[in-house]
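Quick one: the structure is below, questions incoming.
Chain IDs A, B and C follow the sequence of writing; residue 1 opens each chain.
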Amino acid sequence: MRQLKICFVIEKLALRSGGAERVLIETANALHDAGYAIEIVTHEPRGKPPFYPLRAGIIQSNIRPANEFRSRGRRVLDRLRARFHRSDVLWPGVRRLKWVSMHGGFWRRLGRHIDATAPDIVVAFLPPAVTALGLARFRHKPRLFASLHNVPEQDFDNPERWDPNPVDRMYRRRVLERYDAIGILLPEFRDWFPTRLQDRLIVMPNAVPPVSPSRLAQAKREKTVISVGRLADVKEHRLLIEAWSHLKADFPDWSCRIYGVGPLEHELSDLIRKHGLEDTVMLMGDTRDIESVYFSASLLAHPAKFEGFGLVITEALAHGLPVLGYEDCSGFNFIVENGRSGIFVPSEGNRAQNLSVEMAKLMRDPERRAALGEGGFKAIERFAPERILDLWKVAIHGTEPVPQLGKA
Amino acid sequence: MELILVIGDSSLLLPRYITIPELHEFLPEQAVVFEMPWYSRTAGRYYHERLLEFEADRRLEAASLALEVESSGDHWPVLIFPSALDSQVMAERVAAMLRQMKTHLGSRRLTVHPYRVTMTDMAAITEPPAHFAVFQTLRNEEIVISDLSSIRLTPASPNIPGSMAANQWASGNLSSFCKHLERRGLSPESHDRAISLLAERHAFMSKSGMRPSMMNPDKLLESLADIYVNKFCGLSG
Amino acid sequence: MLDVLIPHYNDAAALDMTLQSIEAQSWKGKLRAIVMDDGSDKEELAHAEKVILNSALKIEFMKSPENRGRPVTRNKLLAAADARFIAWLDAGDVWYKHKLQDQFNTIYQCVYAGEDLNRIWVTCNYDWQWMGRKRRKVTQTTSGDQLKNLFVGDRLRAYLWTLLGTRESFNLVGGFDERLPRLQDLDYFISFVRGGGRLVNTGQSEPLCCYFKSDVGRNAQEIRDCYDTIFNKHGPALGRYGHGFRRRSHAKADFVAARFAENNKRPLMALKFWLQAFGSDPRYALYRTKTSLQKG
């Protein structure tokens, strides 16, 4: 019988295909399979199902009342409020009112819901839910766990991310005190947290589902270098394009494919044209079948500045693809071991130049690529779903001492 | 799990000739004819050759679950394959089906019975290479009783095997009966109907102390054809 | 193959009747009954033990040293079960002869139709026998929005002893809510349907079991409180049907509580619930009053 009730809280889940949403659903599914009773609580206007499939038996509760049942007066008020929420008004005094109007419903309803359902553990995913759970009032006493999925500076200090309202930023930090444990993705994120919270931190990397070795053996690798990620500043695709301009002459039979969509699409295609790389560097947009992309490529270049974890890197390694990235990129340097499962590109000096040098070495050396691919496949065993599930069990039960995952 | 297979003559075992209570008359006490409730009643729920038409269908899955669920130490499910002995292909398909079923089959002593009904232990069928060989033995060991009248009837319900004898007699003589009808310028609307007419007649005569099986069939059939024509068409040959 | 889970408390005679109805089933697969005594008095317990000894069924008997209530007992029974299929029966209610066979037949049909057995429960129509009144057949309607019908409670009722399903299906969602001394079935059914489970009825229109119903000795306020716990717990699901529906559900719960109060000779309490119902859904309260006056 399912005895322990776990309640996952995330603000929005409907049709969301992000990394954290995927981790939430995979974790919920794995814990359901392991015999826990799972409920996922959201607070969102849309009543759509989640993007990733959920196991039967997991209960979803959207605690935000549906708009269609609100009275007309209430809806007019809601529209006015929405306009207020979208505005940039953040004057002192008003900002608090704005913040309560935006988020108050979530934590008030969440508090009531926790008392009504009496879960044993409540796990909040991503800062909005962490804040709401931290502020929610309830008499019931579950264990509280905060699950964070980015670099802490991004989640807590960057005014661009989440709600730019300073009130929200203040509460986001303050509520961490209330949690029994806090999950972070990488050991190096520990340093950001105040000392009194340090012993509540648990490093919980994302699970990497294994790829069957037989499928791996069948992979036919073409002379392509791929890069996968949102076309955004932090992913630094421009460095890859610049590096390619140095390689073009020496490797005429190689091509470079960049998968992903994002705000920099035009800028990047201009850059490709500027270097005259239209024939060999391609922006591929989104793909539903990333798996066969991983199987058909020879290299993954990952020039990102930093990573919260780097799901792309683990996925590439799982598919036997050697990975290149900068030595100072968090996530990358946690997952990859230099020379065994991938190559660390020096971050000092001309970064694009450095990248092209390391890429050229690998592109010339198929044996080394094969060796790295094999090494990478083994390296991600420590992120095997059953191992991560064990970490989750520790997070849920609070058993000490918390086993920590070492570096590769 | 123990399983009884009844393999035999289609003219005897098809649902239109024999009903479940009739079957139970000559099966061991613990045997329970396995029904497939997902078929409509008219489709013959215990006519298991339907299980052999498996293509992109879950009938086998449903059957193997049902077999497992229904059987207990005291009750053995019975599967009936009317034409499994008629053709090699059919026999092979029965064996293939048994192997495909996830159900684990246990062993049971081979017994034989008149009416070309064979009950057997299918244990060896689950062992792949030998499965067909077992079927072969099964064919060899069956006993064919030619003289139906010599069969001892169970005193408790003499009518049941009686109706079986009638059915068999009817289906055996169907073609010559049809010939007699044709000679009178008629073709019977359905074979089922002709058979039931013949079987009724047979049962009626047996009840009145006659032994139709011992009589000259040609003469008997001729008179029956006359009755048929008279009764249904109002014409007399 | 099948575990029949039976909670028992202080009614050995009823247990005897229940066990006999299992013995008489036409379904002949492997069956085991698990009876859990929930801290009965010494005398009744001894009597129950005798009943179990005399039964021809294979029975596992579990005892709790103290009375822990129905949800705890049911959770213990569920944890103790290890057969592939599970059916429930309360000491005091009975199954008719073909109940299991008809329900298993429905299960095979579901397999044939490609259903995931671990997400369905097979229910059935049943007789409702009030003490001192005639039996009345109750039909379980499984078409339409099952969640809504469970909240309303007219077309589809949450009675565990109507069910047959795989053990997995009964573990699809969490067990019985131990905060609910009453109506834990309703909560369990609602969770099952919210978790993606579905109820299926047999093709039989005849009732397949009988429920002997009595309101006597049951605390109306406790029942009303349990309704509240359930409505709050499943508030997000209930809310999807709108405010009107929520008010109607509350009013209906008030009427159920009022009936219990009335049957236990507490007219003032019944009036309180009536007023409460009138407060949440006046139109429905008046309609119910009118129909009950017409019936006399």
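The working rule: a contact is a pair of C-beta atoms (placed from the backbone, for glycine too) under 8 Å apart; a residue touches a chain by one contact, two chains touch by 3 or more.
Heads up on the chains, UniProt names are A, C = Glycosyltransferase involved in cell wall biosynthesis.
Since the model is a prediction, treat every value here as computed from it, not as a measurement.
**Q** Tell me the shape of the graph of touching chains, choosing from line, ring, star, complete and other.
**A** line
**Q** Which chain has its C-alpha centre closest to the mean of all protein C-alpha atoms shown?
**A** C
**Q** Averaging over Cα atoms per chain, report the distance between chain A and chain C in Å.
**A** 44
**Q** Would you mind pulling out the distance in Å between where the CA atoms of chain A average out and where those of chain B do?
**A** 66
**Q** Where on chain A does chain C make contact in their complex?
**A** Of all residues in chain A, those touching chain C are 1-3, 5, 37, 41, 47, 56-63, 65-66, 68-69, 112-113, 115-118.
**Q** Which residues, counting only chain B, touch chain C once they are in their complex?
**A** Those residues of chain B that touch chain C are 32, 36-38, 58-59, 61-63, 65-66, 68-75.
**Q** Okay, in this complex, where on chain C does chain B touch?
**A** Against chain B, chain C makes touches at 1-2, 27-31, 84-85, 104-109, 111-114.
**Q** Which residues of chain C touch chain A in their complex?
**A** The contact residues of chain C facing chain A are 75, 78-79, 116, 118-119, 171-175, 179, 191, 194-197, 229, 232-233, 235-237, 239-240, 242-243.
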